[in-house]
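So, here's a batch of structures to check.
In the two complexes that follow, chain A is the common piece, with chain B as its partner first and chain C second.
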Partner chain A sequence: MAEKEKSKIMFLMRKAAHGSIYAYEGLEAILIMGAFEQEISVAFIDDGVFVLKKEQDTKPLGVKEFSRTFKTLEDFDITNIYADRESLEQRGLTADDLIIPVKVMEAGEIAKLMEGQDVLLPF
Partner chain B sequence: MLHTINKSPFFSNNLESCLRFAKDGDPIMLYEDGVYAVLAGTKIEPAMKDALKKHPVYAIEADVKARGITKVLESVYLCDYSCFVGLVEQHLVSPWF
Partner chain C sequence: MKFGILIQDGPYNHEASDSAYNFIKAALERGHTIQGVFFYNDGVYNVNKLMDPPQDDRNISKRWSELGAKGIDIVVCIAAAKRRGINTDIIVPNVRISGLGQLLEIAVESDRLVTFGTG
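Let's look at the complex of A and B:
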């Protein structure tokens, strides 16, 4: 099979963790694309920033606590991880409240990164 | 970059977030319940009027008509799905859903 150039793929995570399947499905898709060694970046926007909130305890709810799985992204060399400053602020969060290191950026800066992608995948 | 919205702006913040991230000149396509944003006389109208100064705004006419939206904000382009496809062909697509 012909060698295909890497695609630049940005995941836009905009939904909270446990109220819908979006965030979990997004994480799975990121890991799959990461395994295919594409150029991945991930931006957490709106309620998506809640996905990375520290101290999630899902035992009483009886569902999987998948936020810790985001820690494995760096094993896939996925280090371009961004969070929208306004989304964090509106929810009373800072980068310190998140389970992995993120680059906190203004909407305009994230928008510029979006423009440079081959594909945008919203979750 | 083409931004697409298919949820009512009274139900979700998709339109709001789209407008925060969209660059001036980026086209915005409203379809399904997203077309409620083009109804004149709502609380969304000021934000939409502002958006219309910065972006070409398209709405699927069949969706607009199906919802009884007769008072459409000025300078919104009412179009069909072939126009939607044409825009998708020309732009990187950012769906807000």
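Let's look at the complex of A and C:
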């Protein structure tokens, strides 16, 4: 695998942070694959935009708070991070409410990016 | 075509595991190749050998084991398995536990990665 060109891999984060494990195990997959030096991007869509909401407090839920871990994506050179504009708007959020910088994009633009990927991993 | 398969949902509760199995069978019958099957999230429950459904129902873990015996590489994510109490003592024969790097390998070596069960 090492001698090959980098693959373009996009993670689709579609679920809220808590209530199901998809966002958390999705993050674990992003971090592992980030270590393999592929061309990784992450798109936050639908309830997935809640994953990056600032100032999460999971103490009352008794589950792990992991939104801060997304700040480490930079260390893996994962900087292609997108959020769907309509998903944000529908939930009363803007990019300023999110814990890391994202490129806010129209659904059609994200769809085009998806078309250009080698692998799509939905969570 | 070379297909990679990612299964993210457990057995019986939803159809994901059955759909993946049927997809693989159909693909093989038509002469396609299965690069590998990777179980992530609740998908890791699919290979629990303690499964003991009523006799008139399909045994999902046995079915995956039989597919593994035919030479299909079936991999269970170690991190997801550890979290859910799945280890080498209770998985069916012909499947293996390994890391997410294997999912990456299956995905990039395949022409298409097909995912089942993110709801």
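What we mean here is this: the second predicted complex is superposed on the first by the 121 of 123 C-alpha atoms of A that agree within 3 Å, B and C clash if a C-alpha of one lies under 4 Å from a C-alpha of the other, contacts with A are read in each partner's own complex, and residues count from 1 in each chain.
Keep this in mind: a contact is a pair of C-beta atoms (placed from the backbone, for glycine too) under 8 Å apart; a residue touches a chain by one contact, two chains touch by 3 or more.
What you see is a predicted model; the values in this text were computed from it and never measured.
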| item | value |
| --- | --- |
| Chain B versus chain C, judged by how many residues of chain A each one touches | C |
| First, second, both or neither for A:P122, with chain B first and chain C second | both |
| Chain B versus chain C as contact partner of A:M33, first or second or both or neither | second |
| Partner chain(s) touched by A:I9 [first = chain B, second = chain C, both, neither] | second |
| Chain B versus chain C as contact partner of A:V63, first or second or both or neither | neither |
| First (chain B), second (chain C), both or neither touched by A:E25 | second |
| Overlap of the chain B and chain C footprints on chain A, listed as residue numbers | 14, 118-120, 122 |
| Interfacial residue positions of chain B with respect to chain A in the complex | 1, 13, 17, 20-23, 92-97 |
| Touching residues (chain side chain C, partner chain A) in the complex | 6, 8, 40-42, 79-80, 99-101, 103-105, 107-109, 113, 115, 118-119 |
| Interface residues, chain A side, partner chain C - complex | 1, 4, 7, 9, 14-15, 20-22, 25, 28-29, 32-33, 36, 38, 118-123 |
| Residues on chain A engaged by chain B in the complex (per definition of touch) | 12, 14, 45-46, 86, 107, 110-111, 114-115, 117-120, 122 |
